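Down below are the structures I want you to see.
In the two complexes below, subunit A is the common chain; its partner is subunit B in one and subunit C in the other.
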Partner chain A sequence: MIDDQIVTIVFWIFSAGAIIAGYRVFRTDSMVRAAFYLLASFAAVGGILILLGSEFLGMVLILMMAGEMLIMAIVMVMYMMNPAGLNPMVMVHQNRVAAIAGVVAFLALAGVALAGDFPDKPAPDPPAATRELGVELLGNSMLVFQTAGVTLLATMIGAVALAGHRGRYGAADEGSLEPPLQPDEETEG
Partner chain B sequence: MTTYASTEVALLAVALTLVVGVYLVAVADRLVAVIVAGDGVPIVTTLVAPVRQVAWLLSQSRTTTERPDAAGWAVAPALLAGLAAFALALVPLAPGLVLADPDTGFVAFSAAIAFVMIAVFLHGWSPNSPLPLIGAYRYGAQALSFQIPFLLAMLATALPAESLSIVRIVEAQEPLWNVIRQPLGLPIYLVVGLGVSFWGPLNLPDGSDLAGGTSLEDSGIARLLWAVARSSMLIAVSAMGAAGFLGGWYGPFLPGPVWVIVKTLILLGVILLAGHVFARVRIQTFVLVSWAILIPLALLNIFVSGAFLL
Partner chain C sequence: MSTEAVLIVAAALFGIGVYGALSQQSFVMLMMGLELIINAAFVALVVLWARAAGGNPEGQMLGVVFMTVMAVEMALGFALITGVYRVRRADITEKLRRLKG
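Let's turn to the complex of A and B:
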């Protein structure tokens, strides 16, 4: 089958892409570059998910990661004393702990891959898989997902309220300052 | 079941749409400008102007900046043009004439729109220059704001189709177009479409108030590629608007492909006209409008469409 061969080739391209981009995350010298390499790695994993017949999850992974990595890049640049993330900086730290954690995680995952008992029934075609996912999200697991969804929504609203322009003590660009504790401080300042 | 045209034909159709479309955007934008300004229409000059500009840009020498991210700078226009082609590949250009009709077509199109912000951010970030960087951050704020109204407005079109496939979404509009069934959808989509292709009043990342923004440091062929990529994105957004809200190939008297072209051109004309009629919106205003007005309107659109289907 030519289709099978193409799928195999594309699988290896995506796998190699995910690993190389993942490696580059730690070898590059800029946070913005690291975020984009991580995005490339996740996009390749999304491609593998699509190859596995999980079309919806793969597409959603690719869709969500674009926004997330951009936000991550901007937030990292905001917190670091590194204008725009273009100045070179080392992206790794705590090397020994990280190396041990990496080896342990790799061995554990490899153990699962080698010793695991995988089902060998063929994957359902993508429309059926998408439908099953929808039935699961709005059926048996609805309570779990709706709880998580409402929690996340409340967190988002809270974060937006905290970061908002209009603060408790006036607008941010008009010097939003707490009133002084002592009433007479106000006349001095 | 839909019968699909062969892959080669569909590929040719997408490529042709992009090539003709990019030239058309260049010509139409100039035509709209002179019509809005009330001058006479210099047809020959307008038709030749894009060719002259291409020749000029090709002969221009390349400049560079101090310590840019060369790879990112080179990839950004290619990524944007690739995303436009990917998005257009999902749009049915005639009954059965679509390069790919996955069952998750709507999600795939949204993923392409989400990656536009990566392309624009990369384009502004990589030259290592202040004004492009400001443009990049602006587009970050702009894109994150229009993302949710875009998803909600497009999601409403999937409700009557009971499918995320773009072809199903068009077929569900045979009795009634979405623009009538969901009157809020198309206006929201057009605002977002202006934002996605950063055109006219929403050209915040590349605006002239930033002396060109993310494309300030571009020169020669890089500037040409970026302009081509932007125009391609505009074509893809217009074509998807025609498929999602204006009933795609359905319409009286004329054959299907003609209707797709007419509807795409109408949306393209509206977007280009907006670029010459409305003033540039401040990013603060756009973010506020997106979160406080467009999202509630898009939610209302979904609730009302859903209620009619129950």
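Let's turn to the complex of A and C:
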């Protein structure tokens, strides 16, 4: 029983961390800090997954997101104005509508969670679950696994084609202008 | 740690993600909102796998597919940001009033 209590306490710590860090992502001035808050949120979610017995998925999520958020921080610094957050900055539109939509989405999903009646069939121990996943990956679900791999390969090719210097209709930056002096000036391709 | 509690945490993450995806002007921040939404779906998937589906391996397989979706979304999102920035010098959604390149 004491184990259950510890698991519950750790779960609530991770949950609070995931939600607070997720909220801070959209409340910080620095975009790089936003990327690291999102990484913290993902790491907390990875912890929740491990607590739930899905050790493999939790660890893979943390590893994948660590790399992804570093790339995201680099993209921020490359493209975005004011990446360091030296000045206070609010870059939002339709803030009220978005906040209402977020709250409504939360209330609706929480209502479903509370009203729903879920079957109670606990998972086996984590090592057994990980082993089963490994057998499944290279057994019955190998087609799904391979399809995911081919999808990622196609994504890599598509991303290079989209971001590459030479586009489908000539040089990608053909006709592009120097950055305008006025930040709000409309730039026409 | 009941199923309902984890689902409510997932709902909170989803709500924050919806707020971010709808309200942010910067492309990258918008993608962060989308990532939070997928993340919430991931938590809900894993808790239902662990507590309601008897931990069958196909459930975790679906989690692997979710991760693929996350990676695809991020990679193509960054590629589109790069392409749009090259042609339009745009880094926020308000600068893209026309889709015609």
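Everything below uses one rule, namely that the second predicted complex is superposed on the first by the 137 of 189 C-alpha atoms of A that agree within 3 Å, B and C clash if a C-alpha of one lies under 4 Å from a C-alpha of the other, contacts with A are read in each partner's own complex, and residues count from 1 in each chain.
What we mean here is this: a contact is a pair of C-beta atoms (placed from the backbone, for glycine too) under 8 Å apart; a residue touches a chain by one contact, two chains touch by 3 or more.
Not measured: the values here are computed from a predicted model.
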item	value
Which superposed partner A:M91 touches (first subunit B, second subunit C, both, neither)	second
Touching partner for A:M142 - first (subunit B), second (subunit C), both, neither	neither
First, second, both or neither for A:I6, with subunit B first and subunit C second	neither
If touched residues of subunit A are counted for subunit B and for subunit C, the larger one	C
First, second, both or neither for A:I71, with subunit B first and subunit C second	both
Touching partner for A:F56 - first (subunit B), second (subunit C), both, neither	both
Which superposed partner A:G22 touches (first subunit B, second subunit C, both, neither)	second
Contacts of A:V150 with subunit B and subunit C, given as first, second, both or neither	neither
Overlap of the subunit B and subunit C footprints on subunit A, listed as residue numbers	56, 60, 64, 71, 160
Interface residues, subunit C side, partner subunit A - complex	1, 3-20, 22-29, 31-33, 35-36, 39, 42-43, 46-58, 60-61, 63-65, 67-68, 70-72, 74-76, 78-83, 85-95, 97, 100-101
Residues on subunit A engaged by subunit C in the complex (per definition of touch)	7-8, 11, 15, 18-19, 22-23, 25-26, 31, 34-35, 38, 41-42, 45, 48-49, 51-54, 56-57, 60-61, 64, 68, 71-72, 75-76, 79-81, 91-95, 97-99, 101-103, 105-110, 112-114, 116, 118-124, 129, 132-133, 135-137, 140-141, 144-145, 148, 151-152, 155-156, 158-163, 167, 169, 172-173, 175-177, 179-180, 186-187, 189
Subunit A - residues contacting subunit B, complex	30, 32-33, 36, 39, 55-56, 59-60, 62-64, 66-67, 69-71, 73-74, 84-86, 126-127, 130, 160, 165
Subunit A partner contacts - residues on subunit B that touch it in the complex	67, 69, 72, 102-104, 107-108, 110-111, 114-115, 117-118, 121-122, 125, 128, 133, 137, 140, 143-144, 147, 164, 284, 291
